[in-house]
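Note that the chains take the letters A, B, C and D in the order they are written out, and that residue 1 is the start of every chain.
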Amino acid sequence: MANPLLRVSDLNVFYGDAQALWDIGFHVDEGGVYSIIGSNGAGKSTVLRTLSGLVRPASGRVEFLGSRVEGKGADVMVDLGISLVPEGRGLFTGLTVLENLELGAFTKRARKKSAKTLEWVNDLFPIIETRKDQQAGKMSGGEQQMVAIGRALMSRPRLLMLDEPSLGLAPLIVKTVFEIIRTLNEQKVTILLVEQNIHQALKVADRALVLKTGRITMTGKGDELLADPEIQKAYMGTLRKGT
Amino acid sequence: MKRKTRIGLLILVTALFAAVPLILDSENSYYVYFLFMAFTYIALSQSWNLVAGYTGQISLGLHAFFGLGAYVIAIGWGKEIIGFLDPLGMVLSGLIPAILAVAIGIPLLSKLRGDYFALGTLGLGEILRLIFIQGGALTGGSAGLMLPSSSYTSMLPYYFIALFLAVFATAVTYLMVKSSLGWALISVRDDETAAAANGVNVLKYKVLAFTVGAFMAGLCGSLQAYYLFHVHPQNFFGLNWTLYPILMCVMGGVGSTIGPVIGAVFLSAVFELAKILLPEIHPIFSGVLIVLTIIFLPDGLVRLRWFRNIFEGRKTESPINLKLFTGKEK
Amino acid sequence: MFYLPPIDILLQIMINGILFGAMYGIAAIGLSLIFGTMQIIFIAQGAMIILAAYGTFWLFHFFSMDPYLSIIVIFPVSVIFGLGLYQVLFRRVARAGKFPSLLIAFGLMVLLENLMSVLFTPNSRGLRTSYTAFGISALGLKISFTRLMAFIMAILATTGVSLFLKKTLIGKAVRAASENLESATLVGITPHKVNMVTFGIGIGLAGLAGVATATTYSFGPYFGFVFSLKAMIALALGGMGSVVGALMGGVLLGVLESYGAFFLTGGWADVISYAAFLLVLMFRPEGLFVRSSGSERP
Amino acid sequence: MMEKKICIWSGVFFLIMVLSLAGFSTVSAKEKNEILIGTHLSLSGGLAMAASEQAWAYEQATASINKKGGIFVKELGKKLPVKLIVVDDESDPGKAAAAVEKLIKLQKVDLILSGHSTPLTIPSMVTSEKYKKYYHGTTCLIPVWAGQKFKWSTMFFIDMPTFPDAAYNVIKSLPEKVTRPAMLMEDTMDGRGLGGVLRGGAEAFGYKLAVDEPWAVGAKDYSSQILKLKANRVDALLVFGSPEDTVTFIRQMKESDFSVKYLHGYKGTWTAEFKDAMGKEAQYVMCDGFWSETYPYPGAKELGAQYTKEFKKQSVSIGAFYATAQILYQAIERAGSLDSAKVRDAVIGGEFKGTVMGDVKYGPDGSAGFQVGTFQWWDGKQQQVYPFLDGSWQTKVMPPWNKR
């Protein structure tokens, strides 16, 4: 098996004295969609924040394209090709949409191809072209989510991480977000997704992991876990059969 | 080191210092004068330490309360309400700044946090100085007020009052922190929103610490006024009365009770020596010292491991982890 | 003796206030840039201005280089000095995230002032050219040439900095970092690079203010502290972190003091400016000129 | 490891300090072989410029007395050289008091020579009063000094009753008549004291002050006050302010095209730095001065020449400070002792002949006044105007700015 795009092994992370993650280990292959599901406070976001360089792990190894990267700052990680769309989108509300996107391609590697990437992002998200001079803060939740994903794509990431993309969005918008995830995957973008909406998360995922109080409890194919009675009981309440 | 031994140590040190004037001839020995100034700085540093170390509020207005305390004595003595080294007068010179601290503190502290609060207190200091300069006959304007120096008898009363102030300030800080009040203060310092969430009336504790700090600063101001017999706005509202205590606290170790004591004694000695040994460039010395202290000794002497195993000071780093000042991580 | 003077005198006071406020404005712009990203009040800005003023004076004294011409030397040197200063002093503190850089700025101010006093002797220095005490009279008003140049420099500096922030990528990065540092790192902006850039420009602006000071005043080593204080007030009036707001804050402060000095005495003018400062801090911390666009500071 | 290194270093540093402090203060009272004269001067801070001339004058006076083998002290039966100890008070009243404390207790000086300016000398005299150490004072306004009823200091400074004459006699001697004089006095102790006396002088000479206002120290803009002066048609101006403020003020006068017939600057216009900063705008400006090398007193010319040789500029103050030191040294010889009380009693009511300020007589209250002089800047030189001696300069009326 070609060595994986990303390999994480026995990752431990602390917030002050409280330990948030216990010996996390998993790998991500190029071109796949991976989901991390779990209840609130299970540490899902902490995994992404650690991989993106916002949080420094206490111990453990993170290998990306074969080289060790744990502990590096977020600005270095994005240059290597790991880009995160943070929880709450993290747009620069005072700047215009276009400015947000231009900053997306801030790293030297991305800056060279900035114009070409912008065209690609515009095709993906037509609304961006129409609203490019508008202040990012004055847009609907859905549009902001599009811009946030677009901005992350501007850095031409090898691995795109999305933290709760569907948070606070209307169901119709959530559907379009997941369609986008599917189209991105078709265009060979590897995706690591953290999502509350377990049904959608597992449907779109090739593989998924279940996180519970900072530990990985289950892993498996997306559709297998979707059908697993335990998952249904624990996370989906009384989901009607077969939808 | 258990609590009893630590209090024992405090009493022993006080007794030691109290004996000094018996050995040295207090009138002519420069040591006695040096210790007098060091004690004043200990009291001032503790009053800043209380506000910054235990509630995380950086106040740049200590000199305002210090000067106010001095002026209370000068005006009171001029109008024969207060006598020479009269305890009632000194308490009054602590109360009035305390009242001002409450009056100004409530609006200032409820609205402003972090560097805005620091700016506000700096502004407060400047306003008080200017008002006292424009104060006309009552405040003696820019000439300041003269006090009859003939009432000076000897150095001893000053020495013991200063020693008392230093011990009183350290004890108050120590007791406040050890009491239940202390836990509320520390919770405010570490995380205001969390403290407010579980019922700590954040504003009340901040204003309380600010007021007690102002009271102590006022007392020090009054002692200095009695000593110099001449209260001059440029001197008593000078920024040094805020700058030096902050530096002493930072160097000693903010948020600990012994830190400011060590910082005050150490720095007073260093500044005096700088003046004697390198007269021309000594002003540069204080600037260099501030910068070096902050780069190499951010947590203060008291938290260095070597010190720690003797005094068992705080293991954690300096509490005023001023995210609000430097990094912007929310 | 409170009488309303004729309109031309009121206008003259306004003009004097605006020109005079521009001096505070240049210093305030530098402060607002530094505050924007590094969140510190750089209280040593006044000492930096006087350092640049001495630079202008010595260039004039030894090479008889015209002060306004010497901007091409003073500005770049100040920027480089700012970059170096950040690396040596502030980088350690910012990373440690532990200590009030305000205290380091304070120490730096005390250090610089005394260093200048020892190196350049405490005597006051004044620059003398054909235009240093030259007044232009236009439509019945008297305008001092050097203060007019200072005003023009303030306008140019503000537009320059605004263009930099709006048009260049680095400028956008600075705006992004001062708004949301975490997201900024996620797109690849290194906090230290951004801080260094703003610090460099901030000290560069102090250089400009230094040239303006050298041509307008006879100055001494301790002349700068008042500039720092008043620039801070201008910053608070104009709104923390907004460049145009800082200039407007400076001009407003100048006009306030100018009228204060005329109707009361000089001494009271300062009390008014500090009182305005406290009131604005308490009731409109985001400043008078910044539309409270929701990014209200703590 | 880094932290260990810091502790060791700070520990060692602390020890050295404690030892040297102890070493210093217990200097054994070895056999007396020199007279220790202490003084606190502003080597740094706002007053540093004026105080540097005072320091130079003191050093010259001490060197010249030592050249003659020092002072004969009858009590000790031998001639002792004088050692001058200068401590920096950083132009700060609190630090001035601390400096005197250090002189008395650490350097164990025998007598104290005055510092500079009223706000710094008053707290210093209070400190020397506490320890009954004689303070030989100057540059503190005599009425302010007298108000304190000090028992351990004397004051040799401007004779206040005749102080206004130096300005108004010259104004009266102007070819063009002055009708609306004005006063801008710096809001400090000196400014307040001198302002009061000048105000009295105006009435005595029959003038009504058109504008009489305090002046903010270190203000950056005087345009509003200049507008007030213009509105009141002021034609003569007495200004008390620092050199920096006065330069800013006069530049703004030129910029707003406001000129007067007579501009007399106190404390702000006598320094060479003022002339350098003003250039040809300094022309016609009057300045005050404690002394002039053209005064017909022994040693005046040589002192002035030596200063000009060393600093390539004139001084109108070194004579007063040089004479202050001369008087102290004569008083020590006359008292034949270094005891504060004896030296003080030798000065009070004493007559001191042949100083660079001429013959100085102290009154029974311990004060001695000298007449302040008036000079006019002309072609970069301070021409001596008042007191009107033969060969004094005839004051030129200041023309409007555009007619220069």
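By definition in this document, a contact is a pair of C-beta atoms (placed from the backbone, for glycine too) under 8 Å apart; a residue touches a chain by one contact, two chains touch by 3 or more.
Please read all numbers here as calculations on a predicted model, not as lab measurements.
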Nearest-to-centre chain - CA centroid comparison: C
Rounded Å distance, chain B centre to chain D centre (Cα mean): 36
Interchain centroid distance [CA atoms averaged], chain A/chain D, Å: 75
Interchain centroid distance [CA atoms averaged], chain A/chain C, Å: 44
Residue numbers of chain C (touch at least two other chains): 114, 117-118, 182, 267, 270
Shared interface positions of chain A, touching two or more other chains: none
Residues of chain B whose C-beta touches two or more other chains: 133, 280, 283
Category of the chain touch graph - line, ring, star, complete, other: other
Pairs of chains, among all present, that meet the touch criterion: A-C, B-C, B-D, C-D
Of all residues in chain B, those that touch chain C in their complex: 58, 107-108, 111-116, 118-120, 122-124, 126-127, 130-131, 133-134, 243, 246-247, 250, 280-281, 283-284, 286-291, 294-295, 298-299, 317-318, 320-330
Of all residues in chain D, those that touch chain B in their complex: 3-4, 6-8, 10, 13-14, 17-18, 20-22, 24-25, 43-44, 86-88, 90, 92-94, 97-98, 101-102, 104-106, 108, 119, 122-123, 126-127, 129-131, 144, 147-150, 187-189, 191-192, 217
Of all residues in chain D, those that touch chain C in their complex: 44-46, 48-49, 52, 187, 213-216, 218-225, 227-228, 231, 242-244, 247-248, 250-252, 254-257, 271, 273-274, 276-279, 281
Chain B partner contacts - residues on chain C that touch it in the complex: 38-41, 89, 92-94, 96-104, 106-115, 117-118, 181-182, 229, 232-233, 236, 267-268, 270-271, 274-275, 277-278, 281-283, 285, 297-298
Complex contacts: residues of chain C adjacent to chain D: 5, 9, 12-13, 16, 20, 23, 114, 117-118, 121-128, 132-135, 137, 142-145, 147, 216-220, 222-223, 226, 254, 257-259, 261-262, 265-267, 269-270
